[in-house]
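Common to both upcoming complexes is chain A, partnered first by chain B, then by chain C.
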Partner chain A sequence: MSEFILETKMLNKSYGDVKAVRDFSVGLESNKIYGLLGRNGAGKTTFLNIIASRIFADSGEVSFFGQNAIENQEVLEKICYMPEKDLFIDIDRVSRILKTAALFYDNFDMEYALRLCKKFELSVNKKYKNLSRGYESIIRIVVGLASRAPLTIFDEPVLGLDAAVRDLFYRELIEDYENNPRTYIISTHLIEESADVFEEALIIKDGMLVEKLTVEELKERARYVSGKASAVDEAVSGMNIVHTEMVGNIKICTIFEKLTDEKLKKFEAAGTDVSPVPVQKLFIYLTEQDKEVMI
Partner chain B sequence: MKLDFDNEKSIYLQIAESIEDDIIKGNIGEETQIPSTNQMAVIYRINPATAGKGINLLVDRGILYKKRGIGMFVTTGAKKIIQDDRKNSFYERFVKTLLEEANNLGIKTEELIEMIRKGGRTGE
Partner chain C sequence: MSRFTKCLIYQIKTKIMGTLIFLGYYFAISLALLALMSISGGNYNSTFSFVAGIFIFVYVIVDYRSKTNYLLMYGNTRKNIFAAAVLSNIAISIFLTAISAVASIIEGALPKFTRHYLENGGVFKGIYPESNFATEMLYILGLLILISSVSTIYGALAYKFGKAFSVPFWVVFGLSFMSLSLPGTIGLVKAFFCYGMPNGILLAPINFMVTALILYAASYAAARRQPQVA
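Moving on to the complex of A and B:
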C-alpha cells in the first residue's frame, strides 16, 4: 500500500516538438487540498488529463493508492475530474447530468447537488448548451463537490465567475471538505484569492514541477530585498534570486529560499530593506522566463 | 474578531494574533469557548490545517486548552501570559520602528517624549 493517494513517476507527454509534460514525479497525500499553479500553456491541463486517464502519457507511471491508475475502472470511479471544457452532452439538461454523475460516482450525494444548484442559482431544467460560461463552470463545481470522490480534480473551476460566486465556491469547498475530507487538486491562475484555501501548492513551469511546498512555506521563503544596487548585490550574493528590477538607483531583488536568522542579519548589515512578497507576484516571478526587468 | 487578513504575513500567525487581541481586549473572556477550527476556516476561506496551526500555537503557549468533545477554551491566566509576552517584544515591535522613523525625520528625543506625553496614556 502506498502512502500517497496519487503518485506519478517520470510522466512525459509531447505534442509534436512541444514537450507538454516533462519528467513529472509527484506524490499527493490523502485529504489535502492541492493547488496546481502554472501559466497558460505550462502543462497543467495535460498533467490533469493524464492522471484522469483522458489521454495517455508517452512514458511514466500513475498509481492510485499503489494501484496502476491508467484505464483501471475501479480506480477511475474514485477520481472525479472536472475539466475546463468538453465534458457534458449539449442536449442534456442539468438534471440529467446530475443523474448520470450519480450513476458513475459511488459517493455522489444528489440531495447535496440539488442544494448547491439552489445556492448557485442553477436551474436543473436548463439544457447544457444553453448555459452561459459562468453556469458551465457552476455545473462542474456542483458535480465535483457532490461527487464526494476520494480524489476530486477541478481544472480552472472559477473561470467566468464573478467575485461573489467565486467566494461562494471557496466557502462551499471548505465546508464540504471539513465534513467529507478528501483530496482535491485545483488548478487556477487566480492565486491571490485562492492561495489560502490550498494546503500545498504545486507550481508547474514548462511541463515540469518546479516547486511543491505548503502555501505558508511559499510565503515565508520569498522576500524583496531592496536598496542601493551595491548593497543589495552584497546582501543577496549566493542566494536564489528569482527576479530583479531596477527603479532608478534602487535595485529590488526577489529572493526565494529558506530564510535563516543569519541571512536576515546579512540583509540588515548591508543596509537593505526587506519586505514580504505578495503571492500573486511571487507566482509570476517563479514562472516567468526573463529574470531581468528594467524600468 | 478580525475580518480580513493582510496578504503578506502568515495566516496562521494572524489567526493566533487576532485571538490574542480579543483576549487582551476582553472580547473573549477566560474560560470561554472560542470558534472551532472549522468555523474559522469557513469564515476566512482558509484551509482548515492553517486555522488549526494558529490555534495550536496558542495551545502550546498555554493560552488555549481543549475540552474533549466540546472545543477550545481560553485558559485562566491567558491574558497575563499574552501581556507578559507582548511586553517582552514591545521594544522590538514598536519602540525600535518608532525610533527609526523619528531619526529619519530628525525628531529630537525631548520632542519625542513630549509627543508621547501629549498622546495621553490610558494605562496609568
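Moving on to the complex of A and C:
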C-alpha cells in the first residue's frame, strides 16, 4: 500500500491551447491539512476536479492509497469534495441536503451537522435557492465537515463569509480535525488568515506545483532585504529573488530560500535591513509573473 | 448498502415526489373539469396517459443535468448514477401506468356523462381492434419507457454539447412534424406503432422496448466519460 493517501503522477489537462494543469506530481499524507494556494486561473479547481473524478486528465495518474482513483467507486466514496460551484438542488431544504449527504457518506455525523447549523445560524428549513452567497458557503462547510470523509476537499470554502464566520469555520475545522483526524485540502485566496490552519502549503502557478512545504518553512525561508541599492544587490547576489521593488532610493528584495547563519551575516555585513515577509505577500510574489516594481 | 443502491433510492424517492406533485395538479384540474361537465352536460374524456407521457418527457430532461451534477458531487461514479437513473425512469413508468390503470377503472365507474370516450372505444380500440385493458396498460408502459429513453439521450447530449445540441434538436423536432406530409413517412410511423396490424397492441411495445434499449445504450456511451458541466 502507498504511504500517501493521495498521489498524482504527471497530471496534465488542457482546455484548447490553455494548459490548466502541467506535469503535476504530488503525494499527500494522511491526517494533514493542506492549503492549495494559487492565483485565479492557476489550475487549483482543475486539479481538484481531476482528483475527485469530476473531470478527466489528458494524461497522468491519480491514486488513493495506491488504488487507481479515476471513476473508482470504492475510492470516490471516501472523498468529500465541496466545490465552489453551485451543484445543490435549488428546491431542496437544508434538512433534505443533510439527509442526502447522510445517505451517501457512511461516517456522516448528523448530530454534528445540526450543531454546526445552529452555530452558523443556518436554518434547516430554508430552501437552498433562498440562501445568500454566504449561507451557500456555510452549507458546503457543514456537509464537508460532517461527512467525516477520509479525504475532505473544500474549494474556496469561505467565499461570501464575513470575518467572524470565517474565524468560526477555522476554529471548527481545527477542533473537528483534532477529534477526527483526516486529510483536508483547502483551496483559498485568503492566505494570511488561513495560513495557521494549514500544515503544508501547495503553491500552484500556471498549472504547475511550484512549492510544497510547511507553513513554518514558508515563513522561515522568506525575507525582505532592504537598503541602498548597491548594498542590497551585493547582499542578495546569487540568491533566489522572488520580488524586487524600489521605494524612493531604497531597494527592497524579497528572497526565498533556506537561510543559513552565513547568509544572514552576509546581509549584516552589507549593511542591509532584514525583516520577515507576511505570508499573503509571499504568496503573491511566488505566484506573480517576474517583474520589478518602482514606486 | 452499495453506492448504486443509494443512488437508486435517492433517484426513486425524488422522482416519486416529483410525480406525486404532478398527480396532485393533474387530478385537481381533472376534478374541476369533471364538475364543470356535470353542470354543463358536456363530455369528459380521459387524457391521463397522454399527459403522463408529456410529464415524463419533460421531467426526465429537466432532471438529468441537476441530478447528474448533484450525485457526482457526492462521490458517485457515472456508471452508478446512470444505471440508477434508468431504473428509476422504469420505476416511474410503472408507477404512472398503474395510476393510469386505476384512473381508467375509476372513470369506467363514473356517471354516464363521463364515459363518452370509453363507450366509443377510446384511441386503442380504433387502432388495435383486439386490444383489452391488460394489453393497453402494457402498451402504455412500453411507450412511457420509450419516452423516458428519448428524454435521457436528449439530457445526455444536451449535458455534453450544451446549446450546440439542444437548439438544432428542437429545430429538427419542429421540422419533423412537417416531414409527416412526405411520402412514406406516415408508413414508417405506422409500421413502428404496428398500426392496424393483427396483434399490433402486443407487437408495438416490443418495438418500443428495443428502441429504448438502443437509446439508453447510446446515452450511456455519451455519459460514461463525460466531464462534469456545472
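Methods note: the second predicted complex is superposed on the first by the 294 of 295 C-alpha atoms of A that agree within 3 Å, B and C clash if a C-alpha of one lies under 4 Å from a C-alpha of the other, contacts with A are read in each partner's own complex, and residues count from 1 in each chain.
We adopt the following convention: a residue touches a chain if its C-beta (ideal position, glycine included) is under 8 Å from a C-beta of that chain, and two chains touch if they have at least 3 such contacts.
It should be emphasised that the depicted structure is a prediction, and the values quoted were computed from it without experimental measurement.
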Chain B versus chain C on the shared chain A, clash or fit?
-> fit
Where does A:279 make contact in the superposed view: on chain B (first), on chain C (second), on both, or on neither?
-> first
Could you tell me if A:29 is touching chain B, chain C, both of them or neither one (first, second, both, neither)?
-> neither
Between chain B and chain C, which makes contact with more of the residues in chain A?
-> C
First (chain B), second (chain C), both or neither: which does A:73 touch?
-> second
In the superposed arrangement, which partner chain does A:54 touch: chain B (first), chain C (second), both, or neither?
-> second
After lining up the shared chain so the two structures overlap, which partner does A:199 touch, if you call chain B first and chain C second: first, second, both or neither?
-> first
Which of the two partners, first being chain B and second being chain C, lies in contact with A:85: first, second, both, or neither?
-> second
Degrees between the directions from chain A toward chain B and toward chain C, using C-alpha centres, nearest 10 = 150
Looking at the superposed set of three chains, what is the minimum CA distance between chain B and chain C in Å?
-> 27
Hey, which residues of chain B end up touching chain A in the complex?
-> 5, 7-12, 38, 41-42, 44-50, 53
If you look only at chain A, which of its residues touch chain C in the complex?
-> 49, 52-56, 71-73, 76-83, 85-90, 100-101, 103-105, 149
Within the complex, chain A is touched by chain C residues 3, 6, 9-10, 66-67, 69-70, 72-80, 225, 227-228, 230
Quick one: in the complex, what on chain A touches chain B?
-> 32-33, 167, 170-171, 174-175, 177-178, 192, 196-199, 215-216, 219-220, 275-279
